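There's a structure below that I have some questions on.
Chain IDs A, B, C, D and E follow the sequence of writing; residue 1 opens each chain.
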Amino acid sequence: MSFMEFVIAAIGIASAIGVVGFRNPLSSAFSLIVHLLSIAGLYALLGAHFLAVSQVVVYAGAIMVLVLFVLMLLNLKSESGRRLGIVRSALTIGIGLVIFLTISAPMLAQFDSIPQSTLEQNAKASEGGVKAIGELLYSQYMVQFELSSLVLLVGVVGAVMLAKRKNVQLTPREGGMGGVK
Amino acid sequence: MTIPWPPLSSLIVVPALGALGCLAPWFSAKIDTKARFVRVWAIGVSLLTLVILAAIARAATLSHGAVLGLEEAHQWIPSLGITYHLELDGLSFVFSLLTAVISLAVIAWSAKPASAGAGWYALLLLGESTVMGAFLATDLVLFYIFFEAMLLPVLGAMALWGGAQRLNASLKFLIYTMAGSALMFLSILYLGWNAQAMGHTLNGNFAFEITTLANMKMLNPIEELVLGLAFLLAFAIKIPMVPFHGWLPDTYREAPHGVAAFTAALLGKVGIYAIIRFMWPLFPTFMAQAGPYLAAAGALAIVFGALVAMAQKDLRSLLAYSSISHLGFCVLGIAGVSTMAMTGAVFQAVSHGLITAALFLTVGSVIDRQGSREFDRLGGLARAIPLTAFFLMVFSVAAVALPLTSSFVGEFLIIVGSWKLFPQWTTVALLGVVLGAVYTLTAYLRTMFGPLHDTDPRTGGDVRGFDVVILAGLAAAIIALGIFPADLLGMISPAVEVSAIQSVVADSSVALGFSR
Amino acid sequence: MDPITSYLGIACLLFTIGGIGLCLRRNAIVLFMCVEMMLNAVNLAFVAFSKIHGNLDGQVAVFFVMVIAAAESAIGLAIILSVFRSVASIETTDAAELKW
Amino acid sequence: MEDTRLALIVLVPLLGCIVSYAIGRAAPKLAGIISTAAVATSFYFVVSLWQALQGGQTFSFTLSSWLSFADVILPLEIHFDKLSAVMCLVVTGVGSLIHLYSVGYMAEDESRPRFFSYLNLFIAAMLILVLGKSLPVIFIGWEGVGLCSYLLIGFWYTNPDFASAGRKAFVMNRIGDLGFIVAMAVLYHSCGSLDITVLHRPEVLARLPSEMGFIAGIALFLAAAGKSAQLPLFTWLPDAMAGPTPVSALIHAATMVTAGIYLMARMFGVIELAPLVPAIILWTAFATSAIAAIIAISQNDIKKVLAYSTVSQLGFMFLAVGVGAYSVALFHVVTHAFFKACLFMSAGSVIHGCHHEQDMRRMGGLAKSMPLTCLSYGAATLAIAGIAPFAGYFSKHAILESLAHAHNPYLHAYSELIGLGATAIATCTAFYMTRSFILTFLGSYRGEGHPHEAPIVMTAPVLVLAGLSVVGGLVLNHGFFTYLQGPLPAVAGHSGGGILGYVLGSVPGLLGIAAAYALFVIAPAVKDQIRKVLWIGEKLSSGKFYLDEVLGLVVIAPIRALSGVTSRVLDQSVSIGTGNAIGGISRAVGELTCRMTTGQVSTYVLWMFASAAFLLYCFLPVR
Amino acid sequence: MNAFVPFAPVLALSIGSLGYLVSGQFLERARLTSLFALGLIGAAAYLIVGLLPMAPTVPHGFIINDFSKFFAVLACLGAFVSVIGTASSLAEEKIGMLSEYYFLMLTSLCGALVMIFASDFLTLFIGIEVASLALYCLCGARVTKEASSEAALKYFLLGCVSSAFMLFGIALWYGVTGGLAIAPINSAGPLVILSFVLMVVGLAFKIGLAPFHLWVPDVYQGAPTSVTTYMSCVVKVAAFAALFKIALNAFQLPTESAIGILWFLSVLAMTVGNLAALQQRSVKRMLAYSSVAQAGYILIGLVVLGDTTSVLASSVFYLTGYCAMTIGAFTVLSVLGPDADSVDDFKGLVKRSPFLAISMTLFFLALAGLPPSMAGLMGKVYLFTGALSSKFYGLAIIAVLNSALACAYYFRVPAAMLFQAPPTTEPVKVSVFSTFALTFCVAAVVGIGIYPEPLVEMCEAVAAVAVG
């Protein structure tokens, strides 16, 4: 495992923990951005250039901007003081551990023994440039591509429907903006 | 003489259509205006049913001998092997006759709950139709459908016009019955599949038709045991047999008189009928082994019911438990491989149907008059309502199985028949007879005799008009059956032979001496 | 440890972390972010697999997942907004009228 | 051979029962007349049939095929032979007299129609009982008379005590009936038939295994004991005096209570299968009649005295049954019917005359005010006391004689003892009957109001019966036993006894009379000394041997307790409780399952992950 | 041109629904909008029945056979009836912009169809997402009601998690096979099982099988009744179709570990569902839990799938009947008004509207498996016989005991409607649309029970195709 990979992976994991760990949503949002970027880096290292780019654009760009916008809009303080019980946290982490082990063990067991040579000769085939992906999208995955447009449409319309209401009052039912507690 | 219409189906369809007919004016939203016409209509329908039944019997008897063997078989769901198969032999005939008579009596009975409009008659007619179906069906699934369906009208009538606790009572009734029949349902399916697996069926599908299932010996003892127990549970709850009678006290306390009469007279009988019709042919080995336990259960139920009845404080509960006690005789009768006892059991079932219905109706009129069912609020009524007192006396006397009443025939045959097989349990049952005399006479004494204990000594309230005719008719039937039971017995015994006894005889694995 | 498998391991880890976050946090938006993390973990696995198998189907799948994620975010945030309007909070503990 | 008259014998009273009520509703006066006429008619038919009865032949009539189906043959058939002829004559003859009497006795009761129709119903049932050709048919009558006695004892039902007395009678009879049913079951299965003519064939009886024979015999005796008030089931009979006096006369003296003896005579073949059975019968009968006699001494209610004397006399009859002298027993049945009916009816006249006063201590000196009654009562007393040549003498004497010839392995040792005891009882009988006579008719009137003689319609039948109890024995003595040779076994060495025999035979009775006269007329003071000496006996006697109390303690109380426990514990708690418990539990579990849905998203996610982890952990082949 | 034929239904729906957006401004009249929607759904159904036979080919991403066609028609039919039944109640639900509402509903139907037709996992996943995303919004459609948006939030978050699981499963599948096609795999290695488990988790969530059912009661209660009506049928149909397809075509059931999983889910679902419903006073939640239990029954056919296809057929049969029941029940609820939920709202309904009361009673009887509406009963006969014939005695016994237990709560609503006094006597007015829908459901529920033969044969054919 090259040093580069190691560093990026480490950042990714660290930022992921950060997302979960920070009490303040804003900071977790930022660490999520870091996380997404690191993932993009991993994509790049894996040779999925197109994905790396779109990851940066779509995720770290569009989505996270949206998220941040909403966060600003609601200008929230950090999560209210009530901590979760230690028991529950332990339980959660335990369960997470079980899942992690049960999922990863067989995977690692299965793919540990892939000769480097095959990866070498696959490297060219799995070179995910714009051209290659584009060809696939417009030939073999035509249908799915069209359908994904439908997905986006649903997203738009749904958002509109939920956000827009006849008698718009942006102030919540009780308490001022931001629901100060 | 041949019958133009499909005779057996008409027994089921006519009352059902009649029920719809009752509802027709009800949907026109003027609920109680047409009450009288509805009543006449309902009486007419149930009378028609009775007539049809009589016609069928006559025709069949004329065409082929005393034993009726009418059948109606149609494919229903071929791919599941479910057929629409009705059959009327001596056994089904007596029970459907009972059904027709009781329904007519209950429908024609004038006293019905206030606020009971057309729905009352509709539900009763539906009840008649479904119970008929249960007595006629020979396809197990069809039987199960009717077995469940007959619960609903009774339930509805009870929940609509019952006492204060009516909803809980009916829920209890429902749950008990469903819990009981659930496993039976599964066993039925198992049988049907087993037939297929054994390759005993024509088209390679399941088969639920009793004759098909009975004629093949395809169950090993374990299967027989499990399935038999499942069936038994269902019927034990329906009859009910102790200790599965948890639904009974509430039901009989809450249900309106007519419904109580209908339930007590008919629903339990389906259990008795089904044990003879289905369990003996299907599980001969199991039944042969379970016989003694069944007999014990019956005998103990007789004593148990009697003892509990003695401790009751009100008329209706006393009747409820007394019917447990009386049905114990039927159970005792069907426990053993004895044509005599089994015939007696069927006869007893019929006569108990008549008697208990009559009792519930009569007692109902007494309770309505007094506005109370507690013994402490009754007494000395013989002077106030002599006619009711007379009928009540007749029916009580019939209930304690005095000779020349129908129940004597039944109990005598049962006792004499099962003495050979289970002398000890028969003796226990006899003790029940004495206790029966005790509580019955006590009830009568505390109701009719003694100083006239009457909260507001009103005159009148005696049975009158058409009700007298009904009671007289029932009394006449009871006594006539007591003096001339031979025809009915002659009808029942061959059917019992075919359905139960011969299956055991055929089953060589059962070694039992039996007394015919 | 082989590089590819290490990618898979990382994917599993991230997936789990996202799940844990979902269980531990209460802020709806953070929950949403955790979901996104889980999706990303899966994406990573896809890409790794595509490298293993030497075809691009995995990457195409990832592309579609991104599209879907975008739509999801739009809808999700809209929902969170409307919840905020009615409950004046986006903490899931406050939006718990429906229960039992 | 078939004969419709036979059917008429039964049907006429049955018809009378209905008609007399129907018409009686309109015209109460007619009710009595109609029913009396009905019984008389049936008496006429009985006589005519009896005339036609020659040799061993019998008449029979089948009403319906009743319980016959498949290979079971139990038709509803009655038949008329010498034995049933005797009973029929008694039932209808004495019955019609009593009907006539009741016309007067019940004259001012407003519910006469009911009374008379009940009476007729009873006669019909009794006739079925004695005419029945098979045990089930006999059982019809058996239960029928039980029902009628229940109805008639509780005739004045507004008094709850009377009503419950009726219930007591019915229930105790029911206990006896168990025996009847068991016997039928046993006999049917072993002998394959319940026809009494069949059941007399030795080859049929041979099929009966010995222990079954014993069971059948005992069971039959249990039935008889219930009906004929033997230990321990006799306490209902004294209570049965709650009914109108004619009822006591007809049912509880003349006819119904003797049905037991009739049954024994009918089924003697079965009774004698196991020699232990007659022995048991004998001892029971002995104890019964002794106890009843002792109790009767200290009774003050005139009807109670008669009731206990009836019990004691029934015991006498069973003594005869026990030694196999059935015709003798029946002979006593007949004579007893005469004098006991006479006694009861005279007592009835007395009560009627004294304005429904029954306590003898408030009577006395009625000889003047009602001579005819006094006359008949006296005659009957002499008869029952067994003074020759009155009717009672012959039957009692025959019984005592037959006791000497007991040929039962279990009895050889005690035959003398029993003979002596029986004689003592006879003396006792004479004593208490005389006492009652003295208390009632001699001395001076102790009650208030003016006692008056009964109307002719009542006295006439009483006198007739008095006459019968005077001459009846003398007349019948010769013919009776030979007449019954056919259906019943011959009586071992019965001598009519000459004048000397008469004198000797009357000694016990005379002793009793003398003692009573001495104690109650000449020297009343002595009486009290004796009472002090025999205080225990006095207590037992006046306390009726505390039989009711004992029964209540041993039988009734446990049953009540049992029923209470069953209903409260077994029924409410166990059977019903279990069902409710199951329901409750499932409801609680359901509540818990609902609580899983806390409404917290993060909880849900936790659940999801936990479940996923569980699935993965459980179902993944390699861990 | 012929290449488009397979997609005709989906295209029709999506393009048609686009029509809403353009015409959104002047198509605000409820009657028209709903009619338009109905027209579209009808068209789709017609296309499925009429056009698809001409395209037996397997185009990219889609597979057309009797199995998918049956389920597609079922979904369309369900959507059609639920739209008719609830059309008139939208006004009271205060759902603002009808055009968006119907657009989303049609799109989600579209997604459901994609799920049903999909022949590779990617398409399947996209279909799931289309359907789900639309539904998330629809749940929140009643913007003025707090519960509505809360339900939307819960459904959204949990739904995303579940699709993450699904997706991970797909990723593993891709990892094992190197492709995304739903095609038979011959290895049953740990990774395959793993991916199966993950996909099952995803789909079990969509179906609402315990222990992944926790969202069901909340969402069913919070969402607008009309939406609940729709999703209680369509989502189940689509998800079950997907589950059957994956399990049979991809994972080559039966393998014993997979069967173990499904057995566990089925038993847990019916038991938990019934137990939890016992105490419910809220009819919507009661029905939600009951739907969990019913899903457990439906799963039986897949669990016990032996060599015989008929057991799967029984599941399809039962599913069909169940759709009619649940649509009917929820339609009645929606007719009673947006806030009708508690059992008390049903008191004495028979006095206020006999038609509603009696049809509701019939639906509940069917759910309880009682005559006269014997769709449920026949379905159980069919299912349990299958279970027995594959020697799954334990499962059959648990199931039958559950169905007995269920009567305890199925009794409650009819009891309230028929046997209790109404608080008010003013009659409930039932619109023509609803009347039609209810009549249809009643006819289905009773008819399937009385004369099930044709449906049975159809299901047999479908199952035969599915098992292959």
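Here are some notes:
Just so it is clear, a contact is a pair of C-beta atoms (placed from the backbone, for glycine too) under 8 Å apart; a residue touches a chain by one contact, two chains touch by 3 or more.
Bear in mind the structure is a predicted one, so any value in this text is a computation, not a measurement.
Both subunit B and subunit D are touched by E. Each step here moves to a touching chain, and the least such steps from subunit B to subunit E number 1.
Distance from subunit D peaks, on a Cα-centroid basis, for A. Averaging Cα coordinates per chain and for the whole protein, the chain whose average falls nearest the overall one is B. Summed over C-beta pairs in contact, the chain pair with the top total is A-C. Centroids of subunit A and subunit E (each the mean of its C-alpha atoms) stand 31 Å apart.
The distance from the centre of subunit A to the centre of subunit C, with each centre set as the mean of the Cα atoms, comes to 5 Å. Rounded to whole angstrom, the centroid-to-centroid distance between subunit D and subunit E, based on C-alpha atoms, equals 78 Å.
Centroids of subunit C and subunit D (each the mean of its C-alpha atoms) stand 97 Å apart. Residue numbers of subunit A whose C-beta contacts span two or more other chains: 88, 92, 95-96, 99, 102-103, 106-107, 109, 111, 141, 144, 148, 151, 154-155, 158-160, 162, 173.
For subunit C, residues touching at least two other chains, in rising order: 8, 15, 18-19, 22-26, 31-32, 50, 52-53, 55, 57, 60, 64, 68, 71-72, 75, 78-80, 82, 85-87, 92-93, 95-100.
Residue positions 583, 594, 597, 599, 601, 605-606, 609-610, 612, 616, 620, 622 of subunit D each touch two or more of the other chains.
Touching chain pairs in this entry, ordered by label, are A-C, A-D, A-E, B-D, B-E, C-D, C-E, D-E.
Those residues of subunit B that touch subunit E in the shared complex are 27, 76-80, 82, 141, 145, 148-149, 152, 156, 159-160, 166-167, 170-171, 174-175, 178-179, 181-183, 185-186, 189-190, 192-193, 196-197, 206.
Chain contact summary for the complex, subunit E toward subunit B: residues 354, 365, 370-372, 374, 377-378, 380-382, 384-385, 388-389, 396-397, 400-401, 403-405, 407-408, 411, 415, 418-420, 452-453, 456-457, 460. Residues of subunit A that touch subunit C in their complex: 1-2, 5, 9, 12-13, 16-17, 19-20, 25, 28-29, 32, 35-36, 39, 42-43, 46-48, 50-51, 54-55, 58-59, 62-63, 66-67, 70-71, 73-74, 76, 79-80, 82, 84, 88-89, 92-93, 95-97, 99-100, 103-104, 107-108, 111-112, 114, 118-119, 121-123, 125-126, 128, 132-133, 136-137, 141, 144, 148, 151-152, 154-156, 158-160, 162-163, 170, 172-175, 179, 181.
Of all residues in subunit C, those touching subunit A in their complex are 1-10, 12-21, 23-27, 29-30, 32-34, 36-37, 40, 43-44, 47-48, 50-57, 59-60, 62-64, 66-75, 77-82, 84-91, 93. Per the touch definition, subunit D reaches subunit B in the complex via residues 63-72, 76, 136, 139-140, 143-144, 147, 150, 154, 157-160, 163-164, 167, 170-171, 174-175, 177-178, 181-182, 184-186, 188-189, 559-560, 562-564, 566-568, 570-571, 574-576, 578-580, 583.
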